[in-house]
Amino acid sequence: MPMIKVELLKGRSIEQKREFAEIVTRETARILKCRPEVVDIVFHDIEPHDWANGGKLNADK
Amino acid sequence: MPMIKVELLKGRSIEQKREFAEIVTRETARILKCRPEVVDIVFHDIEPHDWANGGKLNADK
Amino acid sequence: MPMIKVELLKGRSIEQKREFAEIVTRETARILKCRPEVVDIVFHDIEPHDWANGGKLNADK
Amino acid sequence: MPMIKVELLKGRSIEQKREFAEIVTRETARILKCRPEVVDIVFHDIEPHDWANGGKLNADK
Amino acid sequence: MPMIKVELLKGRSIEQKREFAEIVTRETARILKCRPEVVDIVFHDIEPHDWANGGKLNADK
Amino acid sequence: MPMIKVELLKGRSIEQKREFAEIVTRETARILKCRPEVVDIVFHDIEPHDWANGGKLNADK
């Protein structure tokens, strides 16, 4: 607690996720005033054919 | 905004997702009175062994 | 199954949700080839101060 | 209804999911007073590099 | 980890949620082989006009 | 895209959410290499009796 869920288009590297986790946890702990240990972050990679915006799949754009 | 998440048993084709995205975005924009560009739809395919109903995995039905 | 979750800014009426549920269920059943009875739709109303886009809360826009 | 979503680190077996679904459905029906048939459980397996706690990816621990 | 999210129609008591949390955490720890301390359960109460099944809002049934 | 969902115990102020949205959007755009305009953040405040950890509701701790 807090739990942060990130849905993002597939293709980001583990290095990017690592940096995101580190920095967003630090900022979450600072702003929401909690210990970093209670911050969970989960990434869900989404395929381009599984994400539509404006009625069009990303795979078709 | 709005964000629409669809959890469905694995096995539907990209053509079905494409049609779903197109039509549901159009209806969402019409009924909720927003621009189609702000409608996001994300599909999550679920494996039959990852979905249970009535206490039984779909893979076992 | 399928389960459809809709996050939307607070303020839509029950009539809009009723129409959305009716039409999106009908289209889901038709496109994904399932019985309407297995389609669940859940709405989550989000307050303008609980939704940010581009780094700004909707309440501040 | 109810819908139960379980996010868990990848690696549990189908046997564990089967037992979980059976027992949690039974307990849900008993405690929340509903029929087992209306209980849906969905598992989302998360890769160790997609789950961070305390600012560190599980893959790095 | 694991994180369990329960969406349920509004109206269950805190006593029911307390019992659910206690028993489902115990069973989760036993079946998935983890410590109870790492099990998080979050309840989302859904209003009858925010949940539709078969194209009909629960508030209209 | 990306969509970030934050579940947190009720009680944080709008000022905290505003700062969180601003900073996490900026860092997300920088690390994941996307425009800030495509970053959505949604907060879900959870009541202490709706969040359990280790089998105990937060309201009972």
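Think of it as A, B, C, D, E and F in the order they're written, each chain with its own count starting at 1.
The definition used in the following text is that a contact is a pair of C-beta atoms (placed from the backbone, for glycine too) under 8 Å apart; a residue touches a chain by one contact, two chains touch by 3 or more.
Molecules present, by chain and UniProt name: A, B, C, D, E, F = 4-oxalocrotonate tautomerase.
All values derive from a computational prediction rather than experimental measurement.
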### Target chain E, source chain B, minimum contact steps
2
### Task
Any chance you could name the chains that touch chain A and chain E both?
D, F
### Query
Same or different for chain A and chain D, where same means more than half of the interface numbers show up on both copies?
different
### Task
Go ahead and note the Å separation of the Cα centroids belonging to chain E and chain F.
20
### Query
If you average the CA atoms of chain B and of chain F, how far apart do the two points sit, in angstrom?
24
### Message
Going by the contact rule already set, what residues in chain E reach two or more other chains?
### Response
1, 3, 7, 40, 42, 44, 46, 51, 53
### Message
Which label fits the chain touch graph of this model best, line, ring, star, complete or other?
### Response
other
### Task
Spell out all pairs of chains that touch, sorted by label.
A-B, A-D, A-E, A-F, B-C, B-D, B-F, C-D, C-E, C-F, D-E, E-F
### Query
For chain C, which residues count as touching chain D in their complex?
1, 3, 40, 42
### Message
Quick check on the complex: what are the chain B residues that touch chain D?
### Response
7, 44, 46, 49-57, 59-60
### Touching residues (chain side chain D, partner chain B) in the complex
14, 17-18, 21-22, 25-26, 36-45
### Query
Given the complex with chain B, which residues does chain C contribute to the contact?
1-9, 12, 16, 19-20, 23-24, 27-28, 31-33, 46, 51, 53, 58
